[in-house]
Amino acid sequence: MFANSFELFIQRTVDGLAAGSIYALLALALVVVFRGSGQLNFAQGEMGMFCAFVASTLTLSGLPLWLSILLSMVVGFVMGVGIERVVIRPLEHKNPGGVLVAAIGLFLLINQLAVAVWGVDPRGLASLFPDGEDDFFRLFGAAVRWERVGIFLVMLVLLALLWALFTKTKIGLAMRAVANNQDSSRLVGIRVGWILAIGWGVSGAIGALGAALLAPQAGLSQALMLGPFVFASAAAILGGLDSPLGAVVGGLAIGLIQAYIVGYVNFLGGGMVLSVVFAIILVVLLVRPSGLFGSQRVERV
Amino acid sequence: MSVLQVQDVSVRFGGIQALAGLSFDIDEGQICGLIGPNGAGKTTMFNVVSRIYEPTEGKVLYRGQDLLDVPAHGIARLGIARTFQNLALFPTMTLLQNTMTGAHCTGNVGFVRSALRIGVRSEEKRMEAEAFEILARLGLAPLAYRPAMGLPFGTLKRLEIARALAAKPSLLLLDEPASGLTHSEVDELSETIHDVRDQFGLTVLLVEHHMSMVMGISDKVVAMEFGRKIAEGTPHEVRNDPHVIAAYLGTEV
Amino acid sequence: MAWPKDVRRGSAWHRVGQLVLFGLVALFFIRAGLTWNRSGIGQLTDMLLFATAAVGLNLLVGVTGQISLGHSAFFGLGAYTSAVLVGQYGWTPGWTFPVSIVLCFAVGMVVGLPALRLKGVYLALVSIALATTFTQLLNWDRLAWLTGGPIGIKGLSYLPPSWTPFDGRADLGKWFFWMSLVVFVICTLIASSMIRSRFGRSMVAVRDNETAAAVMGVNLAAVKTLVFGLSAAMAGIAGSIFAMKLTLVEPVVQFFTLFGSIFLLVMVVLGGAGSTWGPLVGAFIFVYVRDWASGVGEGNGVLGLFEGTRIGGLGGIVFGVLLIVIVFVAPFGAVGLLRKARAKVVRVLPRPPALPTVANAQEPQPPTTVVSG
Amino acid sequence: MLTVSGLTASYGPVQVLQGIDFTVGDGEIVVILGANGAGKTTTMRAISGTMPRGGTVDFAGHELTKLSPDAIVRLGVAQVPQGRGTFSDLTVHDNLMVGAFTRSSKVTEDLDRWYSVFPRLAERREQKAGSLSGGEQQMLAIARAMMSRPKLLLCDEPSLGLAPIITQDLFARITELNQESGMAVLLVEQNANLALKIAHRAYVLDTGRIVASGTAAELQADETIQAAYLGV
């Protein structure tokens, strides 16, 4: 099928970047929460999955796809805000160690809620971008599907928007201030609670978008996000949990590593991909303990 | 005999030169005050001696032994203890446990013996008794079973000193022990430092902005600015040094 | 007389109270071991094994503050070590236990090395990687000669030896129960002895403030790796017994996967991180609440989800909500809650200062807040 | 302008403030003195709403104990917290911008003004606040508080950990701000001598109660108080 190994390489690179874009999107969602509150949202993937089901239901009821996805992102935003205000924040004051357990509880709760509402039969969600048999173009002989290009572009646009949010807006400045020092933020008149909740909301909306982009290829089921979430958190850690750029670089890198290992390292076989990815991350972390782009704090004593 | 000899020590972080060829000696039994504006490198100096920072150049000798050959956790056993300017206590531990942890280097129950409970009871008893004595000395005994978390700043500063003394040090490094204390409390603290020095034969290196205290109890004062030594001598000499007045003391002393 | 009553730590009344409490717990287990039916004992045995692994994890997470979501790998490593030695090489099961312990201790120490540089969520992720990698290795076809690959190793059995009072196959359940109980008690004694010693204080010091700990003379590297090793060894021995009781090992067994790690961590936090009784109470709540929840509604609930079989049922929702509710009402875990309740009846005064000779020694006041540990 | 009556506050079961009364008039500098643990910082936090409190705090007709910290800032009460509380990962410029969070007009104007008052900050506007020296951070913390155009400035131990020469400069600045803008200042200090030099009136706090009050000159002259609380 492929004329030469160079074409094959291009093909794998393209596939890797496409998969990596999704990881990058989900990793961005994790980073937004971590920057604000120092929390790793273990229920992130399930929130996205839930929203993808919402989007699917909305399209079935006749709404256009883009509007369905937009509305599901609104649902994701509301879910994020709600979870932060109802569960996470009250708990942070009472029982910081319990946040992790609560997140695991949320993980179970949302997953099983999706089962209760939509059942376990797999469903479909149409793609935002052309994904028919012939919707591709050739680059150095390798087939590049338009859908993949679309996902990649969405991810880049999102990165730009987040960058603008953090550096150009007042709310972004407040988010950075809250991430740095909550007590002082209160003293300059920032409503810290709402800023944190908005962070979770934005993250919920990004997660919903990521799930909606993933579902057409992966098939929509309650297991949709289990695997991608692990890769996405690996990506976020690799890039540095407080760096949006790091999330994107980390996500793309992991997508590429995955594609090359499956393609080139026959000895391992597909089953060991995650292990190799983790081994690479471990090496990176041992050299840079807070990821490639994460800010290294010098502890002053 | 010199207890501590700092020889041409330089420390750079990235582009910042925190210490630039600093040298001074402290003799046995002396109280040496280290003064200088914020950012002069005083705390950095402490961190070099307690092996938290690696100096880029230079040597630190403790009773003739090169400290740079000793790992961070080996410093306490040599007899060097310190306090922290911004508090580095163990917040979930009680004051008693904090102080007993300070005595870590005086004990020897390790991993295996603690698992098998061999010799644990007697060591705990000894450490507890000693810790109580130190806490009582610093007026902290009534709070012995309170967790450190949430107690007032000044109380915790005293706990820092108690914890350092628990190590039975021969060289004690105090990083701004009087910050956050009122005048009368500072006077009390000066007395305490004087007393423990005499009683345990300590050598003390003291960083402090409270001029009355530094000048009052130091046998010798070293003044620093921008990582360098700008003056050294008796409190009287340093107080009247024009460099020191310009860089640090200002008009009212 | 007014409540709460004051009791001085170490006094006769305090000792009596401790003995009564201890006796009641012991009585519960003895009675269960003698009179409960087979499935009841089986479930209680599982609970004890999870509790044993949780004791180790508690030393690491609760006391030393190093987050690990990789303990399913040690639980599984112990299980597979015994299974391979018994199933492939025909060893007597009892002799495989020390091998499990030593192997897990060694692997645990190596795995603890990243903890010398990584903290918090970064360390947590590396430990997740450990759990995931372990499952992938079990499935890897190139190691199938050893592990049996996806099929695993089946047909294991460990009948009670003749020196025990148990009667062969009929008493199999009781044999595993008593064995698990003894192992659990030994691990708890080791853990509680450690916590109340110089080494234990250095563990808490590492959790609270590493820099200060090092300045006090605590060897951070030694403490972290040794605790990692010990904690892995405890998970390993629990896994070994678990495999023999299950009579098989395969990669999909819930407690060999990442979910096992998550569940162990949940037990530690539910019980009360850092406390001696926490792991037992946490495992107890976890096992019984989970089974109760999975019985709610139709389907096989949470269990189903994680064993990769059919998903469905309201059980998962109930269990998820319960986890959240419990962390809300019991910030210091169930043990913290129990202590708070006890404080309404009996207030334990600290031991008097050991040195009454000090001139200005004043009576220490009792602590005013409930703190775990 | 500020009338505090029966103010109480506790950390868990420990009641730190036992019901204290004091006032700050228009354009006044008032200092609260006291030993460590007396409840000075707690008083500040109770006013700025960053901890639970009881009693009444009247500020220009508003009851502060019923308001959240952000609402209190909007009313014109800014606090410079103990230990400065700058945003160490943000640049000096962003720190000042955050200070103006509650305002939307004429922010740049104020920015220029404070840069000209504190030229050191202008030099370092793109540096992260965490890289500044202690004295510079204290200036930044004050400039940041001023960006909200407060009518009352709460200063919690500004001299903590500063070299004498810098403390002198700092106190001179606070006096200037007070004289130029008529802004009232409530100051908490350990350094009684210096604080009494710039203050109009003072209160002495001991274990959660006010035990003495008067003009700065009166307190400086009162030998019993000097001996008992100020230790000079």
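Per-chain residue numbering starts at 1, and chain names A, B, C and D are given in the order in which the chains are listed.
One rule holds for everything that comes next: contacts are C-beta pairs under 8 Å (C-beta built on N, C-alpha and C of every residue); 3 or more make two chains touch, one makes a residue touch a chain.
Keep in mind it's a predicted model, so treat the numbers as computed, not measured.
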{"item": "Those chains which touch subunit B and also touch subunit A", "value": "C, D"}
{"item": "Chain at maximum distance from subunit B, centres defined as averaged CA atoms", "value": "A"}
{"item": "Geometric centre distance via CA averages, subunit D-subunit B, whole Å", "value": "30"}
{"item": "Whole-Å gap separating subunit C and subunit D, where each centre is the average of the chain's CA atoms", "value": "50"}
{"item": "Computed distance of Cα centres, subunit C from subunit B, in Å", "value": "40"}
{"item": "Subunit C: positions in contact with at least two other chains", "value": "211, 368-369"}
{"item": "Interface hub residues of subunit A, defined as touching at least two other chains", "value": "301"}
{"item": "Sequence positions of subunit D contacting 2 or more other chains", "value": "12, 14"}
{"item": "Parts of subunit B lying in touch with subunit C, wherever the complex brings them together", "value": "50-52, 71-77, 81-82, 84, 88-94, 97, 100-102, 104-105, 107-111, 113-117, 120, 123-125, 127-129, 132-133, 136-137, 139, 141-147, 163, 167"}
{"item": "Subunit C to subunit B touching residues, read off their complex", "value": "190, 193-194, 196-202, 204-205, 207-209, 211-220, 222, 226, 230, 350, 353-355, 358-369, 371, 373"}
{"item": "In the complex with subunit A, residue positions of subunit D that touch it", "value": "48-50, 68-70, 73-74, 78-79, 81, 85-90, 94, 97-99, 101-102, 144-145, 147-148"}
{"item": "Residue numbers on subunit D that touch subunit B, as the complex places them", "value": "11-12, 14, 33-37, 41, 82-83, 131, 133-135, 157, 160-166, 168-169, 190, 192-193, 229-232"}
{"item": "Subunit A residues touching subunit D - in the complex, by the definition given at the top", "value": "170, 173-174, 176-177, 179-181, 183-191, 295"}
